[in-house]
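What follows is a set of structures to go through.
The following pair of complexes shares a single chain, chain A, combined with chain B in the former and chain C in the latter.
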Partner chain A sequence: MALKEQFEIPGGLKKWSYALMGVGVLTLILGVVFLHPFSGGHGEGHGAEAYGATKFWMALMHNSIFWLLVVAASFFFIAATTLAQAGWPLVFRRVPEAISGAMNVLGPIALVILLGYVWVSDDHHIYHWKDVEHVKHDEKLLHKSGFLNPMFYTILSVTAVGLWMWFRHSFRKLSLAEDLAQKGERSFYWKSLAIAAAFLVTYGLTVLSTLPWMWLMSIDAHWYSTMYSWYTFASSWVAGLSLIMLFVVYLKNQGYLEYVNEEHIHDIGKFMFAFSIFWTYLWFSQFMLIWYSNQPEETAYFIDRLGFGGKGEGTFRGIFLLNLIINFLAPLLILMRRGSKRNYTVVTLMAVIIIFGHWLDFYQMITPGPLKELGKESNSLGHFVFSLGVGAGFLGLVIFLTAKYLTKAPLLPKNHPLVKESIIHHT
Partner chain B sequence: MSVKKFVVGCFDDEKTLFPAVKNTRKAGYKIHDVYTPFPIHGLDHAMGLRDTSLHTAGFIYALTGTTTALTFMSWVFTKDWPLNIGGKPHFPLPAFIPIVFELTVLCAAVGMVLTFCYLCQLAPFVTKDHFHLRATDDLFVMPIEVTDKTNVEEVKAFFKNAGAVEVFEKEAETGWWLGRYDKAKKAFEKEEIVTA
Partner chain C sequence: MSLLRYESQVREPLVDGHKTYHDVTEDICKPVEAAPTRLWWIGFIISVALLLFGAVSLYKEVVYGTGMWNLNKTIGWGWDITNFVWWVGIGHAGTLISAILLLFRQGWRTGVNRAAEAMTIFAVICAGQFPIWHMGRVWMAFFVMPYPNTRGPLWVNFNSPLLWDVFAISTYFTVSLLFWYSGLIPDMATLRDRAKKKWAKAFYGVASFGWTGSTKHWQRHESLSLVLAGLSTPLVLSVHTIVSFDFATSVIPGWHTTIFPPYFVAGAIFSGFAMVQTLMLVTRKIMNLEDYITISHIENMNKVIVLTGSIVGCAYLTELFMAWYSAVKYEQDIFFKYRIAGPYGWSYWLMMTCNVITPQLFWSKKLRRNIAFTFLMSIVVNVGMWFERFVIIVSSLYRDYLPSSWSVYYRPTIWEVGFYLGSFGLFFTCYFLFSKYFPVIAIAEIKHVLKKNGESYKEQMDGIEEQSVEEFAHEHAHAH
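Up next, the complex of A and B:
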């Protein structure tokens, strides 16, 4: 039997990725036409008009940060399993390798958007701290200005994204070189172990701590939570696992990845299940402590989302609660059974639900803060659809890039010392 | 529980054990159990055991814990003894969650351990015959129950053929009983034949 080791992009996938990217581009054009993102937020008075630019940048930031963290999470998956010397993911490891390749494009895009907002745009409803005049009168922001300023923001973002891309690049190079080398050559294995370890430290210092403070938490600059970075990580990580699952199931359906069977699907399913609960644990810890201690400066964050019915309060209540249902209750109840984690249909459905759920989670992390002054309009359906359209574009880009990177290497790293362990994997 | 007669085959390698188990089933003999020194992946499949329902039991215990904690706390704080704690409502759901979680885990864990012990017939002071002492060391021991239709010599020959290093007949209590091995009915009549 001829092994289908070399991936060729099927026409359907290509068409879908182009269609999704088309939707994204179209949405962006409509956004530029109707939201006037570059006409400046100053001096146009308040109300929905002045927030056009805010909404435009917010949808871009939301989607670029979300999708970048999701594809970075699949390199985190590789690094974590490599460092743990886990053998089982090897039969499908080229899939997360390809997904994380999307970082090479999504990283620069995200940097352009974030730095574009910080340096080019006049709008400052998203990051209050970039309005120099405002910060002068704001004691708290003045106190934080050593950390929350455009320069530090730029340096940290560029360094972080650059390092991820560099680590991913070095890892991929070793992985490809191993395919061509003599079987039994172990130097690649030990070198990739070192890269994985170094990446995990970098990842810990960026995604698990500082980067979400800068990128996301500084939207609500007066508020802080020590859980926030872990929460962001958990969200992107479980969505990243689901994305890996989707691609693995897709390739399996197309007749590739012949060594992947339900044992591997079961293990990715366990990861999805476990980290959905991990996410809920962080969600709850953050919420419960703030709810219990009831300090005004802390509860502000949740009042914007849950609210008590005042003006502009709680317009995100529905999304906030839906978020908990589809990211906690659904995985908990549906993925709990062993049989459902081994069922291709169920895991595919859950992967789609989880990715959408965490996209929604990022939406409710980002959107309420800047738009709270808009009152009931703040979560307009229009903005949600706009974000969804931009998100579709990013999804198309991720699919396109992943497919492209998948074609560049055989789907089985056949010379890896642990590959046999992966083939006979049994849970 | 009654004393039954068994033909016991002992194997010294997983590689011979697996085909032996498969052929024993194919030949239609009734495998009483297989005693191994360590857990063996896939042996339950080979023996044709059904999936355990321990996890279903665990789910039910967990639900019991959840409902107990929720109903008890809400009854205490709304009906029996409402207290004003820091101005929180009398039904403060988020504050209940940690305790609900704890009780869920506690009930599930303790319940499952006890159920597991029951299913494996384990309890303090209770003994179970495992047919050969070396089943706890380096032998894989497979007893076959002797029924009216079983031809003992045929089974013995079958075991020898399947690669058993040791074959013998034994009468043993199938269930669990209080006591010690030396009280078991003629546990080891003959001196053990230890093959190198």
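Up next, the complex of A and C:
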């Protein structure tokens, strides 16, 4: 049988990834020209102008954090299914393996951006806590400075991202070595279980707790919510699942992944459906409890987004509500039926919607805090388009890198002890 | 559907020994058909005695009022609500095993789902007792039902999570009962067909609703299972979510925190699995069911325990961190003065040790597969989870905002303890009756997995395991 086991990047895909990256670079250049990111934040210009640097960095941070967590979610998928000894994903596991390879480039990029903002940029509208003078007079921030300071920020970020990359690298090495080993050799399998477990613990201590507090929650530096990190995780996780779906369907349409059939698509679809509901569950729990108890230090966060008509309030109301519609209502209504989870067109459409939806979710988590002082002048539409442009660049990069990693190994881990279960998988 | 029955050899069999369909029926029906053993009687009598003690304790409380308990001015919820949350939590494992593991296609659920579902139902019954009798004037308990009445302004408060509890728990109970019972029907029919005594034939005849085992029956049965699984999955989550709202909607330091809903659900699964372990380890031993509830089943449940225990641990540490990070004085005091320290500090550390630290020992494969250690851990976890609720309730309440309202040290009275012991009596009385009159393992479902996951059948798959992927896929394609 002439199996297409080895992926070769089709010209079309290459063109698309270059085009998207081109859009990203162009946007970035326009940003440097018009937003003066390195001109220093304080005092220069008035109103919207003074926030140029803020907007520039915010778009970069939003996209680098979002896309890094989304590709990392691919490795979370591998780790979780490996540890659960799930057989069904084996016929397409090389796909999340390749996507998570993008961490090798996105990780360093995100670190450069985040640390660049913390150490190099003069702007401090995003992280108020990095303004030493301001913190001196802000009792709460002074109290938090043991956690929110550039040094700890750096150590935690570098350690976390470094560990994820290292775990992914070790796992991938085993996975590739297994291909060349003798059939029936199980040592790779058991070792990969240990890596998966260690990674999940690390992920629990970073993405499910400390990292989102530091990277994202500290943007609204006075505000706090114990749910925040789990919520961030759920958002990136469901987007990550959708990205896996997109690549699986793409490869399938190109004639690869012979053993993947609608049973596998159905199961990824179930994950997208279930974790969209899970995200909504966390969204509701966080929102409802804060709304119900109605304490000013907590409601401030949602007032910035929903607003009651005060200065700066409610600019993001549309996005806030849209977030719920496309991340909850759409998957709930569209993915509920069995047939739609087995239909390539529907799942592709939903995957695109969900990835965009959670990109938007991250947008509304990050942007309102820094821009609220600008109120209606914040020109959120302009900033939205700018972020979208930067996001296109990141997407192009993800496609480019994933395609590159896909070419580096056969698409079927044929010696894996569970691969046959995956071939006859029936949901 | 694939005709090929194949499962990877890295997986352990779910049914040990060389069983046939007939052996499965025999093994599981035997304890139901035989006369109860002496051990069963001893256990049953102890349970009924505890139940009676519980009844006396409740009599005292109803006649003399909730003053018979040591609840005081600020600790208005004490043992009673602690017990309520604890039992509801335990009542999560059954439906989780039946519904969520069914959706995840986990074959190992078949060994434990029946008993776990039964346990769920009994645990929810026990849980329900506490808020009901806590009302004091229990004869007015029906006031929680919203229906047109002549009580004028005395109408339920739809804004209160306590009322949502009424709906959530009663719905959950109903669906769990349906799920459990619909699964029982084919097995009841098996017992009916085998029954020799007249009353047994009549009882199992009525209980099996005229099941004949026709294809049509099976088809409907399977659809019903899937529908009920779909319904109960959100219900499992909703119940403990709403229980967590009882606390988290209040503006009380240590209660009002957004992570409560998912963390309560994780904790509920954690304690539920621990209780399943306690019961299963005893059941498999006494009823000779080691071939069906294998070490591998026990290991799987221990994995769930270490996972959920770690999730709960992550939530504890998150709360602790946020108490500091929030820079809110009240939060900080609750956590750092009155929880990890203070008169009730011991209960916090007991909770931490039992729920977070000791379950980490289950990272060791050896300990996960050690029966004595698992039994010990299942008790430790349930003690820990009881104290989790005790810590949440009591340590947040005993220091009110005004020092003049600081309560005296809270100790339960004998009637409070008696009520709790009585709930154990109720639980185990039900469980003993269940294990005597009902098949504790789902016979039909074991048969369903036997030819794929049974030990003797797996031995025949060695040949398939040797095949290359291409040969395997080719053969499979022709097996359709």
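What we mean here is this: the second predicted complex is superposed on the first by the 424 of 427 C-alpha atoms of A that agree within 3 Å, B and C clash if a C-alpha of one lies under 4 Å from a C-alpha of the other, contacts with A are read in each partner's own complex, and residues count from 1 in each chain.
Following the convention adopted for this analysis, a residue touches a chain if its C-beta (ideal position, glycine included) is under 8 Å from a C-beta of that chain, and two chains touch if they have at least 3 such contacts.
None of these values were measured; they are calculated from a predicted model.
Enquirer: State whether chain B and chain C clash or fit side by side on chain A once the two structures are superposed.
Expert: With chain A aligned, chain B runs into chain C, so clash.
Enquirer: Any idea whether chain B or chain C touches more of chain A?
Expert: In the superposed model, C touches more residues of chain A.
Enquirer: Thinking of the overlay built on chain A, is A:Leu208 touched by chain B (first), by chain C (second), by both, or by neither?
Expert: Second partner only.
Enquirer: Touch test for A:Gln182: chain B only (first), chain C only (second), both, or neither?
Expert: Touch status of A:Gln182: no partner.
Enquirer: Examine A:Arg338 and indicate which partner it touches, taking first as chain B and second as chain C; both and neither are also allowed.
Expert: A:Arg338: touches chain B, not chain C.
Enquirer: Between 207-215, 261-269, 297-305 or 423-431, work out which stretch of chain C sticks into chain B after superposition.
Expert: That would be 207-215, the only stretch with clashing C-alpha atoms.
Enquirer: Across the two complexes, what residues of chain A are contacted by chain B and by chain C?
Expert: Residues 292, 426 of chain A touch both chain B and chain C.
Enquirer: If you look only at chain A, which of its residues touch chain C in the complex?
Expert: Within the complex, chain A touches chain C at residues 1, 3, 85, 87, 139-140, 143-144, 147, 183-184, 186, 189, 197, 201, 204-205, 208-209, 213, 224-230, 259, 270, 277, 281-282, 285-286, 289-290, 292-293, 295, 297, 412, 414, 417-421, 423-424, 426-427.
Enquirer: Within their complex, state which residues of chain C touch chain A.
Expert: 1-2, 4, 6-11, 103, 105, 234, 237, 241, 245, 248-251, 256-262, 310-311, 314-315, 317-319, 321-322, 325-328, 363, 464-470, 472-473, 476
Enquirer: Taking the touch rule as given, give the residues of chain A at its contact with chain B in the complex, in rising order.
Expert: Contact set of chain A toward chain B: 284, 287-288, 291-292, 294, 336, 338, 426.
Enquirer: Can you tell me which positions in chain B touch chain A when the two form their complex?
Expert: Residue positions touching the partner: 41-42, 51, 55, 59, 86-88, 94-95, 97-98.
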